[in-house]
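See structure below.
As written, the chain order gives the labels A, B and C, with residue 1 at the start of each chain.
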Amino acid sequence: MLKSEGLHKSFGSLRVLQDVSLVVAPGSRHAVIGPNGAGKTTLFNLLSGELAADAGRISLGEKDITRLPPQARARRGLARSFQRNSLFPEMSVAENLALACALAARVEWRAWRSFRRFTAVHADAAAVAAAVGLQDLLAEPAGQLSYGAQRQVEVGLALACRPRVLLLDEPTAGMSPQETRAMQDLIGRLPRDLTVVIIEHDMDVVFSLADRITVLDSGSVLAEGTPDEIRSSAAVQAKYLGGPV
Amino acid sequence: MINRRDPLLRWGLVAAMLAVALAVWVHSGYFGRYFLSELAVYAIFAMSLDLLAGYTGLVSLGQALFFGLGAYATALLTTRLGLGAAAAMALLVPLAILVSAVIGALAVRVGGIFFIMITLAVGEMFYALALGNRAFGGSDGITGVARIDLAALGIDMSDPGAYALFAIAVALLVFALLDLVVRSPYGAMLRAIHQNERRLRALGAQVYLLKVSVFVLASTLTAIAGSLMAQLTGFVSPDLAHWTVSGQVLIMAIVGGLGTLAGPALGAVLVQVATHYLSKEFGYWMLVLGSGFIMVVLFADNGLYGLLRRLLPRPAATKGPDLAQE
Amino acid sequence: MIQILNGLQLSMLLFLLSVGLSVVLGLMNFVNLAHGTLYMIGAYIGLSVARTTGSFWLALIAAPLGAGLIGSLLYQVLFRRMQSANPVKQVLLTFGLVYVGLDAVRLLWGNYSYSVAVPPVLAGQISVLGEPYPIYRLFIIAVGLVTMAALYLGLERTRLGAMVRAGVDDKETAACLGIDTDRVFFLVFGIGCFLAGLAGIVAAPVLSVYPGMDIAILIFTLIVVVVGGPGSLSGAVVGSLLIGMADTFGRVLLPEFASFLIYALMALVLLVRPQGLFAVR
């Protein structure tokens, strides 16, 4: 479903990603792990189009999306959540989600009708809110929510795009164990026809969710395989898991 | 945050302003009615700037370009080509759309601060053009601009009272239009651009096109205001496109409250009234205006509208989700 | 040849003005629209000093110092508290100052246009490649070049310069490294205003002193900053040379379209490289 081949990215003389290839099967849950600075978020930035790759190809389904800007990729069904919350702070949770749903419904250019009357869009937004557990906070301004709730909105925004492929960048970052469990459940409940790629540091979440894992280290792919393969890989254990798991 | 109370407050404020305007109209003579027309023109200008700067966050210091464009187009079309003002107004719309599309397409490519700089520069370019060009009458401008002819409806537009009502009607129409735009999905996109355009882009919005489109819409409305001004005074000069005009309208919008639509209309009225009396009584009105503006920027973030909002009682806590906000 | 020198002279003036604006923009993400006002104030202070003392040279010293002082004061009283505020708000603040400055100048000096006399030592003409050229304009070019050299050395060789370059590159990291960004900003801003004042007095004999001179030159300066790219000395140099030359030659070769040339240049840069020719980021 999502494939990248030979991605390279450098910032000046700093080589961040080197020959990174990734194949994500449709409907799978693919985790990307690695130490800090391994280039995981940069990889996501290349996949979602925020950054342009120096070399390599990215394809979504059959389509080569390497040259497409972020909005074009989003419209083709590739949505992402950000590592650092990037919301619309002065709008309520409902409004935040409604924005994304309006874009998914392609009504963003309608200028002559009150937004309120687009009931389908708002119903979608409510559904997404319920899916991420925010149904009680709909009227709250996003900027005033707790960190964990903002994280939920962050994921909700990506979900509201009705994507085919969902990129989640450290969705549980900074969350309490309770909140992490809730996010884990949420991801587990996502429809199987949705392909999910997730960057995570929390190994419990990774091993419980992932079908396949790619391990990045210093910009290159260190290992790639099923959770068992990764767990038993000596190379991975040495570098990242800190000894046999 | 925008909530259900806002459209009410907005329309309420406009209704109040309308009531006062009509009362003034009834009780005043020639000059009072003339002044009302002027206020209506500036209200349109300020509201259109608010759409651009307040809602979308594109602060332009060059909108006087379009004000001048509308005025000059009207003047040239009526005096040189003998067209009626109504025809001139119709023709200047595609002209304004074209010019603003070209300028917007380039200017919008850069972020906030640069956008301010570029719009300021481009505005000056038009001013220099109007000033230097013989065909445009140079610094003397053009006289003899006719007003729109509504004789068919039995209205004599040369009567300042009639024209004042016409101008106020147009202002009301513009307000209603912008109110609708602001409450639409498109309007929500504009506000989203202001708050976090990167995220909006990642959600699939064509942010660049949205920005250009709002620039075109705002600028075209400003051009219409310019045309109304030309018809009011019967005269156009390069001064209409001077950067101080752009600045003054921005000040009006900020004093009234950016991003509130009715606020800038109120700001336009108050600042214009203040400027008028200050410049008559006290030569250095720019000093006062500038200082007042600095105070507002420093201390009164949401302008007068914000103050009004704070004075009104808060709505009762809504039970359950309040989905369809604005 | 004469035109090249004329272009160079204008470029030097633009450079003096734009370098302060550009570095402040790159360092503090702050556009001071009142930069032109400081240029104007410098010119007026120079004017008064020249008239009361009869010495251009004293004016040459007083103007930049005066502008630098007023700029520093404004920074401390107004801009500093707005550091963390929305950059657009900061810009608007400076815009208000433009209005205040205009009337303040009118209040103190009246509405007339004045000129400052060229000092006798610099009056007259000199032969350049067989053609006579005013010495004073050569003086302007010299001032510009000396400033360029001084700034280059300052940025590359001094600690303050290194801190400035670090700050333009990445403000947060620089602060984390222990650089007192506050002081650096203050000094840079002050120097920028100093240079604006210098430009004001240096330009006075050639361009005359009047209320409104600030906006005329501000537009050019803004274009230079947009074209050259913020935060970069080379950008300011190349930008001012480009714009100065383009305007001078434009006026001579295509008088009808002279102003358009500048805007066309700006538009071209915006199309091809929106961050400016020598952008740091």
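One rule holds for everything that comes next: contacts are C-beta pairs under 8 Å (C-beta built on N, C-alpha and C of every residue); 3 or more make two chains touch, one makes a residue touch a chain.
Just so you know, these numbers come straight off a predicted model, no measurement behind them.
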- Message: Among all chains, whose Cα centre is located farthest from the one for chain C?
- Response: A
- Item | Two chains sharing the most C-beta contacts | A-B
- Task: Quick one: report the Å distance separating chain A from chain B, using the average Cα coordinate of each chain.
- Result: 42
- Distance from chain C to chain A - Cα centre to Cα centre, in angstrom: 47
- Indicate the whole-number Å distance between the mean C-alpha point of chain B and the mean C-alpha point of chain C. 33
- Item | chain C-facing residues of chain B, complex | 57, 59, 61, 106-107, 109-110, 112-114, 116-118, 120-122, 124-125, 128-129, 132, 243-244, 247, 250-251, 254, 284-287, 289-291, 293-294, 297-298
- Note on the structure: Contacts from chain B onto chain A in the complex sit at residues 1-2, 180-181, 183-189, 191-192, 195-196, 198-207, 210, 318, 321-326
- Note on the structure: chain C residues touching chain B in their complex are 25, 29-31, 33, 78, 82, 87-89, 91-93, 95-104, 106-107, 215, 218-219, 222-223, 225-226, 259-260, 263, 266-267, 270-271, 274
- Message: Taking the touch rule as given, give the residues of chain A at its contact with chain B in the complex, in rising order.
- Response: 48, 50, 69-71, 74-75, 79-80, 82, 86-92, 94-95, 98-100, 102-104, 107-119, 121-122, 125-126, 129, 135, 138-139, 141, 157, 160-161
